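As written, the chain order gives the labels A, B, C, D, E and F, with residue 1 at the start of each chain.
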């Protein structure tokens, strides 16, 4: 593994095969806890940790696991890692633990974790696997963060609300009130807002890709409209 | 701690037994998917997909070794059908793999020396002839795979576009003001 | 009074019939040059039966029926066959078709004609005669009439429906024909009744043609034929719809009238049959309405093959004419080029003007208002068909019964968004046909490929066997060791079975050979008559390829001529 | 058959191996973090209690001085809950009760309230609710000080008819357009006070039983 | 490519839409008569927003402006949305709701004819969920003895959010009759007691019932002009009547009468203008019947047990979701497939 | 009886696991392109979820108890994985036709977070056995319902003139958003 390959792994995780907006895996936490940046990023980091660890620990043992119990064993390992993370958060970040609620244990069934284990860790050696897990996790975290910021600003007009839950009381003053005297646009922090926000992010990515492709071709795209003459012809 | 271990041992013992049992008892048999994929492929047998024929390509797809966008004769429609069948996303052709217009081979009767090389190359027996005699392409059976062009020692085989006539003419996609052109490709073909 | 039935939907556009229906039909002057497309009807084109340069008489057969669904073509006048060559024909593709070009000698001399005693001959002979007389349906689809009455064993026709509805706006040929030739039509109907054996004969005429109704009633008075007046509602003249109105029966989806014991023909077809049976005249002319933006709208009796320009000239097109419709405004064909010849299916020529036929406003998206569905006589959901056809989802269009669409255009007529719905349906249909053709040829290719694999395998085996035999023979030549029994010890090999397989393979090969021979012959024939002419609207890419091939060939020729043994210039295209 | 049995056993043992490993790790982590978890949960509870019970009111370890209260209709509870007792120099000074208002706009509203020994409310807080954000959520302290209306109120001072929102003729403020939520809260608090009146002695009885499991109500938190 | 048919009817989309707008006018007139001209301000505001959003989206999507801006469909969306929110709603609410409906529910799907969800109702749903407080303050009808805010003050409130000194919004507005019924029922009053309150008239809410009648008149005009088919509104109203009637008979104290359901809230507007939106309703006759009956059931359920004062908008959206399936499973038999072919 | 009915209505409509609880989204987005696939996935999930809810209740109450609560996630997921495998086996054995339809969806179920989510929610909400079963069944029916409706919409959307950058998953997401907006209309129906 050379540097380029690691670069590729990260490019894949963060952009090309981004779990959240390309593969559409790991959607439930992505949508459910992205109502504020702090929640979103915290869960994203927890997931990244689990993904890196699970890939790291499964890659070395992959050849010793018989095929028929592959999935149960992988899930078992993931479940242990998740539960460990859960206890740690419960002990040392109680507020956040309460807010993230059921979504911490659900990292176990977060499709993206098992998907990466299956697609990458079960075919590669430990270090690249860990990197892949981390990259995918960070890709998810990035989407979570952007979506969280979008929803929080539109929904409540703030950023980083609840940061004290993650960083302790001293962070209480760090909450940004982007729009003062904001009435709040509730839909953004409710489930519909999550879906539509993610839809917009996916479209945004498509748009960036399209623009890059157009630039690469550096000639105007074919006009999408037929001229009226074409109608007669 | 001990109870915990016992409980988990119990669960996993039961589960492992079930899985081990089922793994042997219910082995997956032959893959019916290959037939389904093969039915979608155009059967040109041209090998442009990098496999020695349509069936081998179908097998490769079924095994997950080959992408679905490798068969130019199948066209985009073919990829779409494969994507549907396999439940994966449509994928456009790569650079330089775009499908060509339909054509049939044509043997220049004056130049043909009757070497039978093309006859042996044709995967669908679309060439009629015998040694030392002029060969003819049976146009209605020719799939346009071009496999006979290469072997001809005197280069007398050329590919001819199938001309459009009333019997194979298609109504063009209606293009009218206000509606975006969805079928750029089709329009070019039809005009 | 008969109880009539309703069909779903239907529309009532402005009729515009009076323009042309009130003057008697005339005869068009004889044209100098006539062009007769070989393919004027559904089914196979006719097979040329004359040579270039032949002098022919009026009514002489120029091309014979070829195959089951086909009909003959006759010389509309006396003259010389000047060419058998492609010529633009009335077809939406604007492509050419193979035509017989006839130069008239102005004498208009008939071949010897004799009436037919149809009662005296077996049905099958009569059907053959109809076919050779080129009798095809004049109501629209130009379906060869003899095919409709060539019943399969066990089939029966109870009701003969004669279609005098003429439901499309502007057209009045059937109206005029019924007014002027009711007796002849009834004679023709008698022949059809005899052919079909139908107990009941119903003539359906829309209630906007009172004179035609009266004339037909008078003519039918003595015969067991009932003239039924049906409400004016487009497309009551559609075969399925008319049958439903008159009998209450529905032709099953995908089926034909014969499935429910009905046969349907147009009045003009009946009249043509009368001309043939009673006067021996084959189908060489038909009556056509010329109307629209012309000075004297009227009906004209025109010889098949006459250039449209000469037909239009009789009615004098007015300035402002921007093209013509061949057929009615609902189902007809737009033509600009008046060099096109008159064909058997053309019942009307309408000169278009911006006033009479304003170009439709730009199409808007479908708002699912379902007016189209309410108007559709086939009970379809045009908005859904359109939705799927538009997005190339052809599988779904078939699920939604695309092929039950009769392309009547009622949906497009009522659509407030002015969507060219029918055009989408035609597009989808031709795409599906194309796909079916491709699937079929893929199937054939697969079979041939598999057969080839099998053959190669077998040849290899045979070779190996031969080798083994040889070796064995060699061994046997050395008499030292007693030879083992020749039958292979393999218990799985069932000798009978392998034999059977071989026989099968041989049969298959023989079949294949026959097909190959036929194909070779066909290919030769085609190469002889068709000059591939498709070089003017190629894509640049195709053009490039062709040039590439051409240069390669040129080089080859050069080499060949240098080698120069027998340097006959290559006449390949 | 034998082959099947052997493979079955092999797979099972394989899985057991991983399961044992997993359980062992898990159990160790659990035991390692158990105390820390307990502590942070107590700290959280304490934070809440501190908000409604002034620190001048007690000198005991409130968290440890609990009484299990069975499900009670007046409190709206359907499960055992804990009452925390505040004592000053051994004398009971206040009690912290959990209560549920069942008829909020979108379901239940979990409350925690502190009642002084004299029946006066020391404070009320909403623990969890599902009321409409931006409309019914003014009962939360950070959103509005409305909940402080209860401070110092008692059933001695207000008659039953006063324990209503002003719109219904009572004494409590409400936000226009969202009357259902405060109605529910006021009703629940009043009922909790009734419960206090009826069970006062039991509540303040010196408790012999120290609850072994101080985690009741965790599901709701 | 010119192809048959060569003749068409003179009708057009914009003409149909224009007639729908015309049909709304009787109801709007009644509205102005009973509640004052503030609604006209909302309608104007929504119309301008709708057209501007439409233009912007067309520009972004690279489509021609003229044919689509003049098709009048955006105006219907705007008017219906304005009619379903309180006239006193602050201006930015009208703008946000309309823009959201047109941009997201209509143009992200491809604009006119392509949308799955009813754009106006999406706008309404977004507003009632995001700003429920504002969405429950309705003007009181004239002449029932309640305090009325002068028009100038209404404008001041809409655009600046300022009320005359000493007045609270509560004093000059009420909840809708449906809303009041629901809250009062919760407080244990019976339907009859509640109907005695001054905001109620003989059919539904005072004033509101007349507005509903106005919409019904417009609806009958649309039926006559064959813009909508009769069975969809009829089935909807009949189903609502039967469900409400059944429960009213069963327990008149707790379930409002069918007439009340017909003439309060958006039932009439829905029956003739919202559920009939051709784009979002099934195309088959059978499908329309199922759709209308389902909509009626949902309307009644949400009104009676749900969290929102009126159920019409959510019923419309929920039924919108079902339309593709309803259409797929109610395909009529085509010609030649009925019965035995006889 | 009414109580159970209310639980069903509550889980299917009011607290729909996909639209309101936001669980099981990956299969919801991934397997809803075709109606048949959606139906298959829904049926398979319903079966597994119902069994899983019941089984996890039994484990929670009879094996783990309060002292081993920390094994909840671990044991649940292992048992669910086992149930999936078992289902696959059982279906294959008893009904090969059904297996043809459901086969490819079964392994995907293990990573549907609703399958673990609902048992965990059951524990949290202290449901009894019957309630747990109903909760699981109702949740799965709700999942199936929205999945089928969504698939219908997506099939229709294929023909819509959706702006290029929104084609595919973006518009599907927006649609899911508007669907969940509509589902909010049920809020309050069952408290």
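By definition in this document, a residue touches a chain if its C-beta (ideal position, glycine included) is under 8 Å from a C-beta of that chain, and two chains touch if they have at least 3 such contacts.
Model, not experiment: these values are computed from the prediction.
The most distant chain from chain B is D, comparing centres defined as mean Cα coordinates.
Core chain by CA centroid proximity to the global CA centroid: F.
Chain centres here are Cα means. That of chain E falls 34 Å from that of chain F.
Inter-chain spacing, taken between the CA centroids of chain A and chain F, is 22 Å. Averaged Cα coordinates give chain C a centre that lies 55 Å from the centre of chain F. Chain geometry summary: the mean Cα position of chain D and that of chain E are 44 Å apart. Of all residues in chain D, those touching 2 or more other chains are 10-11, 14-15, 18-19, 22-23, 26-27, 30, 105-106, 132, 134, listed in ascending order.
Shown for chain B are the residues in touch with two or more other chains, namely 4, 8, 11-12, 14-16, 19-20, 22-23, 25, 172, 174-180. Listed for chain C are residues 92, 362-365, 390-391, 420, 423, 426, each touching two or more other chains.
Partner chain E is touched in their complex by these residues of chain D: 103, 105-106, 132, 134-135, 168, 175-180.
Of all residues in chain C, those touching chain E in their complex are 7-8, 13-14, 92, 169, 240, 244, 248-255, 259-260, 323, 325, 327-334, 352, 357, 360-362, 364-370, 373, 377-381, 383-384, 400-401, 404, 409, 412-418, 420, 422-423, 426. By the touch criterion given at the top, residues 19-20, 22-26, 29-30, 70, 72-74, 77-78, 81-82, 85, 107, 110-113, 115-117, 120-121, 124, 164-167, 169-174, 176-178, 180-181, 184 of chain F touch chain A in their complex.
Only residues 1, 4-5, 8-9, 11-17, 19-21, 23-25 of chain B touch chain D when the two sit together in their complex.
Chain F meets chain D in the complex at residues 70-71, 74, 78, 124-126, 187-188, 191.
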